[in-house]
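Some structures to go through are shown next.
Shared between the two complexes below is chain A, which pairs with chain B and chain C, respectively.
After this line comes the complex of A and B, so read on.
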């Protein structure tokens, strides 16, 4: 009983104390995050970035800072942003981040960014979306016709999208690979939760993914690349301390385990 | 109607509601209790409610219901503003829609150009125009001529359609797009769903009166020109088909649900085959890495490690031959070790993910705290700590209450 509470207390201290103490850490971006950054950096003028918000509030802690970092990068480059999602809550969450950042970068809804909202139907709908956005979702998330949103005159099919940035905590990447990457030849980059991170590396190796951000650490690395350390960087400090605590606890528990085993063997 | 609240009040409400919910949910760390269950129900209710609303509003209503119950119209030209063209005046009394209509004396100008039209028409099937003449004109006809530019390839095209204008009563004229005389390439090259490609941007729109109307010196009244997709009433079948899933609850009709399930199953099977070609194909291709040639030594070492691990893991999953011979057993064992390493990575990432989620809540509670005073972060941490302690006490009391109730119930029984 006390062992469990002891671990809780240690982890709680490892997480909360760095939040109130002036601690700094150094970020070193990994090649997949650098590649994600490069893909956004290389979006040509006039082409759009599609943000696929395939996450819900359950993984907002990881996916949220990732999307924010990419939105900030895209807005600083004046790239048109198209938001959609195959998860119900995702597009609404991304809309709130975009509205917050829009003030800083003078982005206006309809002119510089548009939210298509929730798109149910999975892969067949993505296939249709790539062929014609106007026919697949003739209205935005508020029910406003696309004809009333000036940006949508330039963003009509997958041909007008330079990069699909997908953010998820679930395994929906194959839908985008089979449609946007394989059929329409649009590069894909992904921001995923830590849990599914290792599963995505084969896609990166095969070139199906052009960039990858894993968990909060990926978001913090991206923030470092765009020189705008915010939520993710701030949260990586307690994350590091929590990891150190867990590693120390695992090592101590193993030492104790081996010591007990040795004692038992000596007692025989 | 809820009263309007200031932005600051909204911030306070959002933070403190969020903080109370978060702390109440974290009482599960102590044990299952009534406080936790109450807030868990709030969360489930909110998530289900939000899901229902979005599904109903953005999918069922906006996409399905509107397609069936409306013509999905869009205005091209309203004829509501003064024309500033010779021979045309704005008529405010004898109109059909909006603020007014145009009264066009064809004797003064046989052709008019509509300025500031809506260029993007979407995917219309027909246009609609309110029109009438001031008196019946035998053989009177109007021609609608449009010029279309396709931004994607720079090509241009025109369309035109002629329609009778003989009556002196307001008539809603329906102009089917398939009946248009199309010249050049007015359609977009890539954007296509169904039979037809999408129309480009309509840059110019003119109306021309024929000789009969000019000679009769007729006056034409024009109002509201719209593009329409039309009522897609047949979408009702998709709704009925969807409802077939619910026949599962009626044993006599349950067979119908299997019919409905057959479609997604068939689609899924088809897509699985497609996935093999489009998703796994490139991965198999990428797995064949070179071990020699004009590549850096480090890359060769990397590729060799990759291939050894790949072949070992595949050997482990090769169950057709018993793993007795050392040529099979050793790589299979090595493959198993590699799998263990992978599972370790996955588990490590899982722990990292869970910490991230907890840290995001702790960050919200401490750093995003909304209080009227400028508090140092130490004080915020202390406030959150005290609140958590208070919630844990409440959880403890709820557990005590449940235990006492169970004891009393047991004694009575």
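After this line comes the complex of A and C, so read on.
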């Protein structure tokens, strides 16, 4: 009983203390995050980046900073951004990040970024979206016709999209692989929560995913690559200490195990 | 196949007709003897389930292709119905708690309060910004928009993030108790998890960041070693699991399609 509460107390201290103490950490980007960065860097002029916001408020802590980092990178390169999502809350959350960053990069809604909102229906709807964005979703998230949004004159089908960046805490990636990657040959990159990270590596290994950002650490590494340490970096500091606490606890538990085993052997 | 109806009143009329026809069809289905109902549902399931495989496996642009968009639209409508069904279900469950004044009454009241507050603020923000409040001027934050933002970004977002972040405590406690090197397999698991954890911690990555990122020495860097483990050891295992999952999904789909699985029609 005390063991469990002791662990909880240590984790709570490891998370809260770095929030008040001036601590700095150095980020080292991993190869999948570097690939993600390269994919956004290589988007040709005139082509759009599609942000698939397939997450909700529950995983915003991880997916939110990931999207923000990619949005900032895309805006710094003046890439047109198309936002949509197969989860209800995702597009709305991304809209708020985009509006915040728009002031800094002189991005205007309708001219430089458009939000299609929530798209229910799963994989068949994504397939239709790839064939014709205008026919699948004739209005934006506020019900405004796409004909009134200048950016959408240049973005009509999957051919006008250079990269689909999907952000999720659930297993909806196969929908995009079956449609955007397999049918329309649009490269995919993903930002996912730490929990589902290991599930995505087969797709990375097969080349179906061109980049992968896992959890908050992935977002912090991306922020390091775009030289704009923000939310992910700040949140990564307490998480860093929480992880170290877990590692230390595992070591202590094993020392205790070996000590007990040695005592038992001596007793024989 | 079908063009969207542009005339507003014609659209409303068609929606009402569709609603009445839907309710009528459900009432008719309900009045049929159970055996006939099961047979009819089975036939409809088989015919509808036949569409996508036939359309996909036939060469491109066959006689089924023109219906593809319409079928996608039907799927979107069905997905929207699922939300209504979910709301009805929640109302029934929580309404029962309120009516019977069970010990969980307080949680059910919290559900109703949250549901009506969020739905009310959202609907007013979208459709009646001036209802019981001054109509906001351009660039001004109106009462309903402010209420919606407070509820969504000020309440829902931190609440769901808090629930998700509680995982940190449970994972730390579980890791402390589970990762013990009792056997060779447990030792292997522990060492692997150690490396993966280090690769996800900035301090862990800095331990080996002094090594060059090329030649033989690159394999000494934790991020490259873990990348190899994730793509060469984890990915094949995940691929095998996913293969099993999808074969199982095909089996389950076949059983439903051929009405061998009837629980969705007649209950267990």
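The criterion applied here is as follows: the second predicted complex is superposed on the first by the 263 of 268 C-alpha atoms of A that agree within 3 Å, B and C clash if a C-alpha of one lies under 4 Å from a C-alpha of the other, contacts with A are read in each partner's own complex, and residues count from 1 in each chain.
Methods note: a residue touches a chain if its C-beta (ideal position, glycine included) is under 8 Å from a C-beta of that chain, and two chains touch if they have at least 3 such contacts.
As the structure is a computational prediction, the values presented were derived from the model and not from experiment.
S.K.: Is the arrangement of chain B and chain C around the shared chain A a clash or a fit after superposition?
M.R.: clash
S.K.: Considering only the touch criterion stated at the top, classify A:178 as touching first (chain B), second (chain C), both, or neither.
M.R.: first
S.K.: Examine A:124 and indicate which partner it touches, taking first as chain B and second as chain C; both and neither are also allowed.
M.R.: both
S.K.: Who does A:20 touch here: chain B (first), chain C (second), both, or neither?
M.R.: Only chain B; A:20 stays clear of chain C.
S.K.: Looking at A:102, would you say it contacts chain B, chain C, both, or neither? Reply first, second, both or neither.
M.R.: neither
S.K.: Figure out whether A:207 sits in contact with chain B (first) or chain C (second), or with both, or with neither.
M.R.: first
S.K.: Where does A:170 make contact in the superposed view: on chain B (first), on chain C (second), on both, or on neither?
M.R.: A:170: touches no partner chain.
S.K.: Under the stated touch criterion, which partner chain does A:141 make contact with: chain B (first), chain C (second), both, or neither?
M.R.: first
S.K.: Per the contact definition in the header, classify A:228: touching chain B only (first), chain C only (second), both, or neither.
M.R.: A:228: touches no partner chain.
S.K.: Which of the two partners, first being chain B and second being chain C, lies in contact with A:153: first, second, both, or neither?
M.R.: In the superposition, A:153 touches chain B alone.
S.K.: In the overlay, one of 200-208, 254-262 or 272-280 from chain B clashes with chain C and the rest don't. Which one?
M.R.: It is 254-262; the other listed stretches have no clashes.
S.K.: Take the contacts of chain A with chain B and those with chain C, and give the residues found in both.
M.R.: Shared contact residues on chain A (touching chain B in one complex, chain C in the other): 8, 15, 56-61, 92, 120, 124, 128, 135-136, 138, 194, 198-199, 202, 205, 214-215, 217, 239, 242-243, 246.
S.K.: So in the complex, the part of chain A that touches chain C is made up of which residues?
M.R.: Within the complex, chain A touches chain C at residues 3-4, 7-8, 10-12, 15, 25-28, 30-32, 56-61, 92, 96, 119-122, 124-125, 127-128, 135-136, 138, 194, 198-199, 201-202, 204-205, 214-215, 217, 220, 236, 239-240, 242-247, 249-250, 253-254, 257-258.
S.K.: Can you list the chain C residues touching chain A in their complex?
M.R.: Result: residues 4, 52, 68-69, 71-72, 75-76, 79-80, 152-153, 156-157, 159-161, 163-165, 168-169, 171-173, 175-177, 179-182, 190, 194, 197-206, 209, 223-224, 226-227, 230-232, 234-236, 238-239, 242 of chain C touch chain A.
S.K.: Under the stated contact criterion, what part of chain B meets chain A in this complex?
M.R.: Residues of chain B touching chain A: 29, 47, 50-51, 54-55, 57-59, 62-63, 72, 74, 118-123, 151-152, 188, 190-193, 198, 201, 267, 271, 274-275, 278-279, 282-283, 285-286, 342, 345-346, 349-353, 355-363, 366-367, 377-378, 380-381.
S.K.: Flag every residue of chain A that touches chain B in the complex, lowest number first.
M.R.: Interface residues on chain A, with respect to chain B: 8, 15-16, 19-20, 56-62, 64, 88-89, 92, 117-118, 120, 123-124, 128, 131-132, 134-139, 141, 143, 145-147, 153-154, 156-157, 159, 174, 177-178, 182-183, 193-195, 197-199, 202-203, 205-208, 214-217, 231, 234-235, 238-239, 242-243, 246.
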